[in-house]
């Protein structure tokens, strides 16, 4: 069988790309970041160079280097490293896919093109197939995010018979609130051949009840442990506890959304919670304001989301 | 206490307004319709003159007559009859609210205005309060449907302290897929003082797990029994069965959405399933095509949603 | 011939509905308002109960009274009084159309329904035809405003052969920036049988060059004189002067749009410029802030749009 | 003075990137294409690697090669060659800007980023400034296309004081129908220091009357001559003739828009009209259907837009 690999499941952190104050990639902290995810958050899968990682703000050369570093640092520590190789142009996407295979990544993910847009399911599959073909032995994940790409193609339609067209297809990241579409993906996936990863962190419980096999998101960088507790409660059919965890997570996300929540703010929050400096984002994004950071910190404290067991004098390495 | 009434809970059918072939209201079948909901679908609450009931396509005089007939026919059969009294102009909304009180309805519901739109929470509450004040003793429900009204005001913000401003406020119909907002409504409703009714039928299970106290929708007219089975399975923590019911319901809704699904099509489906003639919609809506009806019927049959136990020669009364 | 009436042309003021401080209609000032439009602004056509007139915030009974008063006060002073009779439900729209005929209005206008929406050209025409049929002898204008109604039906397609379906059709109010669509309406109207009235005041010059036969808008209440000067310059092919007028008008509109510009603000500006009290809007709209009014006044002064020749002590009647 | 260069004015063709049947760039026909634009269409300015040129579907390396070829072939034939260097990531945009300077292009143009989006005017200018700084001696044009980028920042606000921040700023391509915004750009450009190029081909006359100094568009590849006739008529204040040209152009564009009109279709039309093979588009775009091409050809013929004076046996070189 072509894909004997164990299924991608559970929480997948959409990694931040750490940067220095002058906007260059801060490679040295990635090792520390891996340890933090595994030891403090209990998260062993990552999704690199996606939206959270500012993948599309990096040059192709930088995207290659970032991918390499995560694969290198994750060796023997992480379960799976999936590289997002989506780009506006097919050639670069193919180059990144091939590179991901060469460096030993565990999978690739691709967003639908969103400048020129696929007008229908067949056009989209044609595009995705060309990318997948550049790395035919790597598990392929489709990153479904209609609010961004404007693609109205339903995921459940795409799934139907997709392995005939893309043999390496292994699942999708579903970043949308259309739970009819998501439910019908699960419904047809009765052999559980695909990973159906939900991508709207603050609504995860609602997707779990529909049969989500995992989740990809930015908040699992710093709320992974809490979210894992929710997953465990759900697994044990303790719905009351699961809901209690979900509500606490929602309170935080709801709060920061009202303040204005994007990748810049995620970097600030992760710096706060992990102690690892994530740095500023790259233009066109602008650094989160000090006011945001102060408010987010107060909220994290009030929700008891800022505890560093064993943490001494703010030195993160003391944790690991 | 002002509202000793028992909480509105469980399934609430958004009733269709039956019409004759020439587009006038078909009052005589409403009694039969009540019996059908209660006996065949196990649905004992209704929401009258909403979107499904073409409330905004009826004149004020017709809305009054329709409300009266449902209250009259529902007496001693239905638990609660809620009348939607929303209108583009405040005066007519107030007139309908007062009328609902006079005829002994169990509650009123109001949509946010959507020609001129409330620019913020305070403006919206000012409007709703004026309507509620016309029927101060009737439970008041806010019909939250941002996709239609363009109102970006979050339901969870509206809920905060609302009884200080609208003492008769008793809950909301939440017709949106933003389950962060819905979850945060439930989160703050810890004393369960409000009815938090979910309004996206095909995603109900995802809202149940977040603590929805009931649901309002058009499909409960003809899939009420199946949905009640899902509610019961969920209540008993039999998540696998609940999910199985949800998926079967989704298969139907997913199918008709692709064919084009609105009030016209709901009328055709209800006629098929119940045997009670719902008639055509009123302009600007146009009658569902025969092709739609034939396809919907085939799908209903294939899903086993068209069984009439004890039904003889298509005579609906034989059922009751 | 059925419609020997002279064509509706030039500027048409979309009238405000004056209200008292407690939100009731201030009928007594309508006579004064007519005189002001004719004498101070040089505007002799009006469009009553449209968006600017809060037509959809008035009850049917109020809409009838407002229409009657404008017809009565406009007699022998105004050229044409067109009544907007659009409503969400056909029956009330028909009632208003018939009423407009009875009181001697010069035409009716109808917006496409926007709760339930016409799905295609034929469905829209079916709806409009039913309204027109209630007043077959009155010139009928279609109010095309796709941003509001969501109707993607192109005006130029609607125009094609429309008099076969709606014999009383006499033109349209085109409230959109799609000047390809507008241009193609003019292109096919080579016999100039229809009034093609542009409805985006701040872009009027761009529609004039395409052959607009007139314009309907709220700003002609208080900038009618300036706009008439632009029309005259354009008529005389003095494009430089026409552009100079257009830019001065744009400066004002651009400025107030940034402050937040809607019917509430139009009422405040008209009160400032005309001296006639327009009063507050009705809920869900809220009164313009004092800050808006102060800023608008300063801008009007700086653009020299606030001169009252012969005006003494703010008494408007002294002007006329 | 830093920019003694003559102003970019008149028609600017947004060039197609010709491709071979297997999707590689067809460099050899670019020379022929230049001759065609100059001799047959009277168009002497080009905008390379924009939307029409599928710039964002090309790799950085291809974008460099395409730019080079147009500059080389345009030497002594074209007036100005402007290179679009916009990209999702700043580094590649800067690389392309620097390259444009090195090869002797006449200007660069940049779109606002549209994956991560600039939240306000200052953020957008910060981004644009970084690109401009990579080629400080090249005239810089901002490509304003809010429908694509979602940037609600008004062009007229951006223009205000922009040369203090971006000294090489020389104008904008305004691809939107908001003629209030465009008009206010012209209004403040009273010293005519900037090129204000309109980008909605089918509405050009409406922008000319507001003072557009030129136009950038895809249709000038094949309707340049007709559009130049419109410009001349307008220049001579022969508005009737100008309008007649505009309407004929609109009839064609209106027709193809209804068939589905994008870059794929532009390639097919240009192949038809010029006789130069433009080839298929690259994925995610798909080739125009034969049905489209046949319909477009019939329409071109009926409008007399397909005449090849002096053209023998379809050999384009015979024309030049």
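The first chain written gets the first letter, and so on, giving A, B, C and D; residue counts start at 1 in each chain.
Throughout what follows, a residue touches a chain if its C-beta (ideal position, glycine included) is under 8 Å from a C-beta of that chain, and two chains touch if they have at least 3 such contacts.
None of the values given here were measured: they were computed from a predicted structure.
Of the pairs listed in B-C, A-B or C-D, the one whose interface repeats that of A-D, with over half of its contact pairs matching by residue number, is B-C. Interface of subunit B with subunit C: the two copies contact each other largely through the same residue positions, with over half of all numbers used appearing on both sides. If you average the Cα atoms of subunit C and of subunit D, the two centres end up 37 Å apart.
Subunit B and subunit D, compared by their mean Cα positions, are separated by 52 Å.
Contacts with at least two other chains are made by no residue of subunit B. Taken together, the touching pairs link the chains into one ring where each has two partners.
By the touch criterion stated above, subunit B contacts subunit C in their complex at residues 54, 56-60, 62, 88-92, 112-119, 123-124, 126-127, 130, 148, 262-263, 281-286. Across the complex, subunit B meets subunit A through its residues 156, 177-181, 183-184, 186-187, 202-203, 205-211, 237, 239, 242-243, 246-247, 250-251, 253-254, 257.
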